[in-house]
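I have placed the structure first, in the form of structure tokens, so that the comments after it can refer back to it.
Labels run A, B, C, D and E following the written order; every chain starts at residue 1.
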């Protein structure tokens, strides 16, 4: 009995010894890399934002000038998302929004879009989707230029009835055999523009303290 | 030194396969009648590719060519594949699918008799996964709005990808009845309104329903000639009817009638020509019942909830995987033994 | 950092304790694997594997000291069985180490001087005789291990192949009519 | 260590006991991240790093680790190393880190790492152990690279796509478009393509081995024949 | 009308019975020389009861039954025994078997014959008489008839099934026999019924033999023997299948019909019993169908041992004959030349020609169509058995009940890939038998080896004790050890022990002696080597010498095995 107890304690002590060394190594690496990791994460996000909101559009620290946006039916979001504001010489020039198209062939399609202060689209990108590879995935940039078709479009230029794929009588192109996906994206972008129009002033409000006010 | 018996029944693999091919004729005839002769081009292309690939693989595997090339199994694979994909597919689609089916799904597994998966269905799956866009260009049946291409124009498209200037691919092709049903349901339309759309006929899609009936007739011939046993088609179609019927009764707005399932897509082709493929199927009677019922369930599930419009090919492949297990579980009672095999 | 430390210490304590306890409590004595291996071996006790009998060879295999391809009397089939039992890959016999045809020892009685050396060599007591008496082999008990051949000072023991008769005849493996075009592509290539 | 020993370790790791196509250890990353050369090689190199350091660390302290807690300690060491690698990649190769995602932490459970630690490092000195770990890792990397190249060329018609994720934006121009205007053969990039590709690699490996064995056999019989002719 | 049952599967091959069934059976001419294999039945071979040179009479016993399952062999005609030697016998191996060679004297003189009053006889004696008359089942398996009816206590037979189905194509012997000797068959059935004590007797005849059915019904009129026409379906003549058809019962796997209260015999066996009981004639002849590529297909009554060449001569083989099938085309065996004797199981000789029996097309891979499983009368899955046999995965073949296969050939008959399924099964079966035999041998070897180790350990101890004793009584033990004892004497004591003890004690001196002996022996051997060795043509003296040595050796072996039996641990063989 005594032998078992001794073996039990001794083994536990041994393992603790190794665990201590391991923890020490891990925590030191963690502290050494913590800042670099944070920088990398931010840089990656900025890279994405800059794809749709080109550098000449803003001179502010866009990653800091952000605004929490509560879930909205028009954006298709169910959680709070973040909007980034671009300002040029202090004047609001564009806002970067997240939107979700809920009726893709394979479910939700996450979008990020930049709307200029004029209500014109600066750019749209698909962040994630589950569309059929090779069929519906041409909405993704490297797979096809289709998404660039939104650049410069606005509700002023196209009537609401034009925000449809050509097959349904609208203005937007699509690929034969895959209409569901572009249909969903066009619809989501259109709704996001409506959202922008309805909330324009609040989106560009100088202070971001009252996100509740946005409805 | 040869062992008894010294006589044998006048049946051969080659003759069985030939009869199966022969049984496809009514379905193909219907196809040509309703959709034009483009399918014959695909079938010819698939046949040539199948035989060429078979010959190449046999050569590489150091097997004699003649007995295997004349067993007609490669030809059957080619025909099945050609019938599973859009008739107006570009030539390379047929070639890639057939070659993949024969080379990878058949010969890499050991050739005739050793392939766990139906080579034609593997070819189909590879195509629909790799080239989904091309796999949606189904011809619009004759007599429907839209343009009918002349045969030379069809050839020109198949081999050169060139369409007459006056038309677009979109005007020529349409989604299959199953696909349309799925997308329209997705948009929130009830079944009865969707069924009023012009591409639908009495049972299922215009044209496609008659092709399915053609395959059904071929199947009846195979039953009559005892090439296939009744279990597979009866259980498959029966189960499909039962599941689809049940859901259709409960919610007729979201679930289409069972006859629609029977006569659209590859259900008939599957019931008589795909699930009856002996090589990838189970060997026991009980096993065939389980296999066919499982295939029907999967077909219905994939059609109703899956990512692809039709589920027959995937049902076949998925059930193929289960075959060894099904066979092990369903060994029949042996003469003079009790049920538990002791 | 501190919480991470506590988590690590806690986990180590529990796991270490469990392992330390089990190491003593559930120690397994003996090795049932040896019995299983021994059951697969052909029991010729011939020592061709380099071990003094089948059991020692089984023990060596179980310990991982010996390869599984050292038993010619067991044949390739024996290696397959061992490979399956041990979950390792089949390994063919080394060059010239394969099984020989089944044979039994035969003592030429004209030459035998009754030295009894073969009696001591026989691992299964299949040789009868006494000193200065002629020895003879009980053919039905002989395992064909050849251990008696070497010790004989007058070379009177020879191995005689067991001829095939109706009672030992086996149906041949059916020759598949569709044979590869070339039997041995490598050979054809080399020549 | 003699040159021959080093050679043996490498031959064993890269060809004879290759973790990817002979031992079939580490199938999870092999099948999941081999869709391009860059992904495959990057994960392979990360694994190599972990293997070299873990084998090299465990070998010198092997005699101090009590047998009962051998496995937990090995895993602990490997897990620490993997986490370190994960932090480093997160910090300095963020793009790649996102692409490889879950497969970096999964190196911990990659059987080949523990297998080499258990089979080699716990029985050998530090230097050969580290070499063995490195060689095994490189063997895996080679398979990942070849498989990635196969899948990438057949699937997309390119090579080294995504190299900018590993080497920075400057490397973007290094991407090769092997087949211009390629339709893309999607199945090669999708998971089934990984299985088929791996199967082909294993077959090729076996074929080479069989052919080498046959050649050797032919050579010996031939030399024997010529010897007898000479005699 | 009796309710008939079905067995699973079955096939309808072309019958080809009319060729030979219409002509009355003829008697083959008396052959000059007869070859009588000692092993013509299932079980042990018969034990030779005559010597070379003996004059024998027709019906005289030449070899007696040996052991439980065995039967005697008789002289089919009068003459003299010219040799007891190896001769090719009808067997798939084409190998030789030990045969009695009998030269006919042309007189065909019978031994004294007498009818038996079987009802007055105790049953065991009647069974012995059947065994000594060499009565074996003539349906094909040649199972000694007496064994079937020597029931263990507690078992009883309710139904006696007489097999007249004759389902194999081409063969018509039973058909002819029933048409010509229905009365004799019924007499034989009475004997079998007496032996079995069965209340119910059923004669099953396939309905493609209407005349035989009529004849049998006429012969049975007035008795309660029921003649049942069964549907023509191969293999309804298989014992288990016929019992299933007639009674609905299944003979348990690995069991015999008697396990379910049924006994089954062939009509020809019943007729042979009648010949023996009513006329005192042992089994020395049988009917053989000669058909196929011959001028006049027919049935011939052939003496056992008649060379098959002479049997075929009766019907005249036509040109274009490429070989012969012994037995039916479904289960028979192919022979190239006919220098084989007719034996008790020889029911048919078919001359092959390319038209009648085209060579099988090349075998293709199995496509899993399961036509074989659909026709298997044993409800097996031949395709599974085929894959496992082909892969030599014998454990799996047994799991899938390979040994329930009756080798009827229905599976191979329907196979569209023309796979020689039956040969795969026969191959697997014989491999498994050999393996089992080897396994038993290994088991015995292990036991012997372990015993030897144990014995050596014990001897070591004993030797230590003995040495201690020897110290005290210094010279006393020496002479006893020095005198070598004959083996037999040693064996009376604990043989291994004394032997080893002596061995150990002798070793030192023996070693010395050895060198001398070895040198002498080598010299002798060298001398022998100088002379040309010739073992093919030995002089009679040499042969006699060898025989002498062999005899001595046999004796030694006997002694050794007797002695060994005492101290070996109990074992099963």
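Everything below uses one rule, namely that a contact is a pair of C-beta atoms (placed from the backbone, for glycine too) under 8 Å apart; a residue touches a chain by one contact, two chains touch by 3 or more.
Everything numeric here is computed off the predicted structure, so don't read it as measured data.
Return the chains shared as contacts by subunit D and subunit E, ordered by label.
Where subunit D and subunit E share a partner, that partner set is B, C.
If you average the Cα atoms per chain, which one ends up farthest from subunit E?
Between subunit E and the rest, the longest centre separation is with A.
Looking at B-E and A-C, which pair shares more C-beta contacts?
Of B-E and A-C, it is B-E that has more C-beta pairs in contact.
Compute the distance, rounded to whole Å, between the mean C-alpha positions of subunit C and subunit E.
From the centre of subunit C to the centre of subunit E is 35 Å.
Which integer distance in Å separates the CA centroid of subunit B from that of subunit D?
Distance between chain centres, rounded to whole Å: 40 Å.
What is the distance, in whole Å, between the centres of subunit B and subunit C, each centre taken as the mean of its C-alpha atoms?
Result: the chain centres lie 53 Å from each other.
Going by the touch rule set out above, which residues of subunit C reach two or more other chains?
Only 15-16, 19-20, 23, 171-172, 174, 178 qualify.
Name the residues of subunit B that each touch 2 or more other chains.
Correct list: 1, 3, 67, 129-132.
Of all the residues in subunit E, which ones touch at least 2 other chains?
92, 360, 362, 364-365, 420, 423, 426
For a test of understanding, state which residues of subunit D touch subunit B in their complex under the given definition.
Answer in residue numbers: 183-188, 190, 192, 196, 199, 203.
Could you pull out which subunit B residues touch subunit A in their complex?
By the definition above, subunit B touches subunit A via 129-133, 136-137, 168-170, 173, 175, 183, 186, 307.
Please name which positions on subunit C make contact with subunit E in the complex.
Within the complex, subunit C contacts subunit E at residues 38, 41-45, 53-54, 109, 111, 113, 115-117, 119-120, 123-126, 128-134, 136, 138-139, 141, 143, 153-156, 164-166, 168-174, 176-178.
Which residues of subunit E touch subunit C once you look at their complex with the stated criterion?
For this pair, the touching residues of subunit E are 39, 89, 91-93, 95-97, 360, 362-365, 420, 423-424, 426-427, 429-431, 434, 438, 441-446, 448-449, 451-452, 484-487, 490, 496, 499, 502-503, 506-507, 510, 513-515, 517-518, 521-522, 524-525, 549, 552-553, 556-557, 559-561, 563-564.
Touching residues of subunit B toward subunit E in the complex: what are they?
1-9, 11-13, 15-16, 67-68, 71, 73, 111-114, 278-279, 281, 283-284, 327, 331-337, 341
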